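Take a look at the structures listed below.
Consider the two complexes below, in which subunit A is the common component and subunit B and subunit C are the respective partners.
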Partner chain A sequence: MLIAENVRKVYRVKERKGWFRQQWTEVEAVADLSFRMVPGKIIGLLGINGAGKTTTIKMCSTLLTPTSGTITVDGYDAVKDDRFVKAKVNMIAGGERMLYWRLTGRENLQYFGSLYGLQGQALHNRIDSLLLQVGLYEAANTPVERYSKGMKQRLQIARGLINDPRYLFLDEPTLGLDAPIARQLRKHVSELAAQHGKAILLTSHYIHEVEELCDEVYIIDKGRLVAHDTPEHLTKSLHLDTALQVVIPSLSDSLDYDLRQLVLDYGGSREIAETDEQTWEVTLRGKTDMTTPLLSLLAAHQSPVLRLSTQQPSLEDVILHMADRRGA
Partner chain B sequence: MKQLGSLLLAEIIKEHRHSFHSKMIYFSLLVWPVINFVTAYYSFAPFRMGADSPLARFISYEQLPLFLLTGYLGYIFYWCLVQSSWQMSFERQAGTMEMIFISPVNRLAFLYGRSLSSLIEGVWLFFCFVLLALFFVDGIQLSGWWAPPLAFLILLVSAIVWGGFLCVLFLFSRDSSFLYTVLDEPMLIFSGVRLPPMAFPVWAKVISFCFPLTYALQLIRALLMEGASLQTMLPSMGLLAAVLLVLVTATVVLLKLAEKHMKKTGNMVMY
Partner chain C sequence: MFHVAKATFIRNTRVMIRAYPWSFVIGHIFSGVYTVLFAFFAYHYVFAGQLDGNFVHLTGSSDYLSYAILGGAFYAFAVSTLMNVSRSLITELREGTLEAVLLTPSMRRGYFLGNVAQQLMRTLFEFSVIVLVGALFGLTLSHTNVWSAVLVWILSTGAFFCQALVLGSLMLYFRDTYITQNTLFAVMAFVSGVTFPIPYLPEWLQPLGLIMPLAPALDAFRQCVIQGAPLHAVLPQLFHMAALSLIYLVIGVWGIRRMEKRVMESIFG
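Up next is the complex of A and B:
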């Protein structure tokens, strides 16, 4: 298990004050953050830009030293016993860096594999298996510079798995990828946890990705943990509004009045807009489901329903709500 | 040991594919030093080079081509490593440096492996040229068959140690490229590539002894031009060994400091 306890990271940043003067200031990127990674589970780290997600990943993968706090991986301290920790972890970042473009996919994996002490037939077999796994076997001997963005990302995944790590850190792994490729990668990540028992920490700007993949979510803001739960509990616990949308052909004054009363009774809010098709779109927001009373009301007014839909609060709403609340 | 061999092989392939991808590079690696050598040789032509010339106290006119050949061979060995260390900034920009330091690879093996592979790629062509040229120049004096291989070994080992040291310096900061300017041209001038350091004024002699190439060239010339025996060379070899030991120690200490610095500041990815 990876256990991060009260981890803090402070950077010293130089600010220019004219030609010859400069001033050093301290920026707290991560503050008092604690979390756990368990084999077979995917945890998500969410937050707005500059929340400290990448810094957290780099501290866990031994690339950065925490200013204070501890990170232990299967009992090994990530700072003092980093050699043992390095054998157990790896990181995959989005984008097209972290590869040698003039080398082929196979040569890249050979090089990175040799850094982990892999050699000979064992390395060869591992590379073949990874290339097959990520669907790059046919393109193994093509220079990376000729790969598409999606192929480079898949090679990144193979590189990140070359040492068969128990703990895998994915920093925006689907950044800039086309939807079908991103979906394929999500499936692969899910399999890595479920079938191969990897403990995965995922950061992503695509909230639906986190909702789909993660067993638990940690929401951080300015380096500080503000919420931690399963995606479902997070959306429920904040009691965010459910949006109920109905499209009707006409809106009489009496119906408008009754709708206002209904919203008042349920402590919600409403929005009414006329559409281009000469119909009315009524949106009711509230913490309680208003579907049944709304349909009864429309029946009483003999108003046909052209379309009805419900939108449950998403993790994205949770993030936005928290950002608003902390910004206020 | 087998793992080290595998790492070296992977490093050689990487360097080869990455930095020596075009045949024209090899062409330049031969032509550039040859032009330098020819330029240096003919620079001496307008000057008086007889027995009473100032330079004759340190080197005879007949041995000048051999002096310059050995000088340029040594310089190319060391120059390749300045270039290779400078390329560390590429690793920083490409993000591959993070991927190297996230792994448990032995950092010294990586640095020296990188130096060795750059060296092999960078010097083999000019090395062949020098070997061929040695048949046509005067003044070769050897104590035994072992002298040329020993000279090669001295150059190889000292250059790799130098390369490892430079790589560490370039690890400290993305702004280390000034070291390229500081190390390249002064090394050519002061290490005795074109002129014997003993002909320098005292202040220049002090600078020349800061470069390990100076000690390596003294040994190589003693082996190939003076027919020195092993016994007479022992003090100079001891001196070079001491210099290399200092460099290796500095490399180990600085490597630890550089990695600690990068982990503290996060500058492993800044470019």
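Up next is the complex of A and C:
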């Protein structure tokens, strides 16, 4: 298990004040953060106001030393026993870094495998299996500079798995990828946890991705933990509004009046907009489901329903709600 | 450590084959050949073969052309080794692969050893071309004590490698290669006895030569090639080189470790 306890990271940043003067300021990127990574589970790290996520990943992967607090990986301290920890972890970042563009996919994996102490047939077999796993076996001997963005990202995954890490950190892994490739990648990540028992920490700006993949979510604001739960509990716990949307062909004054009354009775809100197709789109928001009374009301007014949909609050709504609350 | 060195050697060779750094190689050869030609023309047409009386006393030989040509060739060799090793980590940083390397539990010693071993192929080629051109312009090789010269050459590689670690740390600190390396190379060329003996320098400048591994390396190599000196005759220079290597190694290893951390801290998100 990876256990981060009361981890804090402070950067010292130099600021130039004119030609010869400079001033050092301290920036607290992570403050008193604690979390656990368990094999077979995916946890998400979401940030409200920037900084903190990448720093956390870099501390867990031994690239950065925490200013205070401890990170232990299967009992090894990430600072004192960094060599042992490095053998158990790996990181995959979004974008097109962390690969040698002039080497082929296979040569990249050969090099990184060697840096992890793999040699001979064991390395060869591992590379073949990873290339098959990420669908790059056919392109294995093509230089990376000729790979598409999606192929580079898949090779990154293979590189991140070359040492068969127990703990995997994914920092914006689908950044800039086309939707079908991103979906394929999400499927792969899900399998890594479910079938291969990897403990995965994921950060992403695409909140639906976190919602789809993660068993638990940690929400941090300015490096400080503000919420931690499953995505479902997080959305339920805040009692956010459910949106009920109905499209009708016409809107009489009496129906408009009754809709206003309905919203008042249920303590919600309403938005009405005329669409390009000369129809009316009515959106009712509230904590209680208003589907049944709305349909009764429309039946009473003999108004046909062209479209009806309900939108449950998402993790994105939770983040936006928290951001609004903390920004206020 | 050795499998990391081997992997780095293979990686660099593959990259070299696909994108050979001809500009650097040609640049180093041109710089060495220029020194050869400059020495030749200056000696024959400016000084008309006349040498300062002190020269023989200070160098133990009146063969100025061999002195300057070997200086040029050895300087190109030192510059090449220093450049290839010191730029390795900052190149990883610029190409976005540094994090991936630092994530691994591999020994940095193996990584650098692989780099230095691979670059030896290039420097040996450059050195051979310059010596070959030098032989056409007056370099005398007939007295060479081959084994001593080869050994001095190998030991010098070690010394330049240690110095390259310090240079590499400075490059990571300043996030610059061009100004950092060229400042060092200009000072090295001036104070290490490349084209004239160090005692010709103003007294206050001479101690600078003592801290450059190139000075004792070049002195020992010249003695082995020009006068055919055996290894025991150049022991003082070898000890000097060994002491400098040790100092540079300690500072370099410490510096690289610190700079790796500093670089990681400076790219925060």
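FYI, the second predicted complex is superposed on the first by the 325 of 328 C-alpha atoms of A that agree within 3 Å, B and C clash if a C-alpha of one lies under 4 Å from a C-alpha of the other, contacts with A are read in each partner's own complex, and residues count from 1 in each chain.
As a working rule, contacts are C-beta pairs under 8 Å (C-beta built on N, C-alpha and C of every residue); 3 or more make two chains touch, one makes a residue touch a chain.
Since this is a predicted model, take the numbers as computed values, not measurements.
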| item | value |
| --- | --- |
| Partners on subunit A (subunit B, subunit C) - clash or fit | clash |
| Subunit B versus subunit C as contact partner of A:117, first or second or both or neither | both |
| Which of subunit B and subunit C A:65 touches, first, second, both or neither | both |
| Touched partner set for A:102, first subunit B, second subunit C, both or neither | both |
| Subunit B versus subunit C as contact partner of A:230, first or second or both or neither | neither |
| Contacts of A:254 with subunit B and subunit C, given as first, second, both or neither | neither |
| Subunit B versus subunit C as contact partner of A:53, first or second or both or neither | second |
| Contacts of A:91 with subunit B and subunit C, given as first, second, both or neither | both |
| Touching both subunit B and subunit C, residues of subunit A | 11, 55, 58, 61-65, 83-84, 86-87, 89-91, 93, 97-103, 107, 110-112, 114-117, 119, 159, 163 |
| Sites on subunit A touched by subunit B in the complex | 11-12, 55, 58, 61-65, 83-84, 86-87, 89-91, 93, 97-104, 107, 110-120, 123, 159, 163 |
| Subunit A residues within the subunit C interface of the complex | 11, 29, 51, 53-55, 58, 61-65, 82-84, 86-87, 89-91, 93, 95-103, 107, 110-112, 114-117, 119, 143, 159, 163 |
| Residue ranges of subunit C in contact with subunit A within the complex | 3-4, 6-8, 10-11, 14-15, 18-19, 95-97, 99-106, 261, 264-265, 268-269 |
| Contact footprint of subunit A on subunit B as seen in their complex | 2-3, 6-7, 9-11, 13-14, 17-18, 21, 94-96, 98-105, 110, 260, 263-266, 268 |
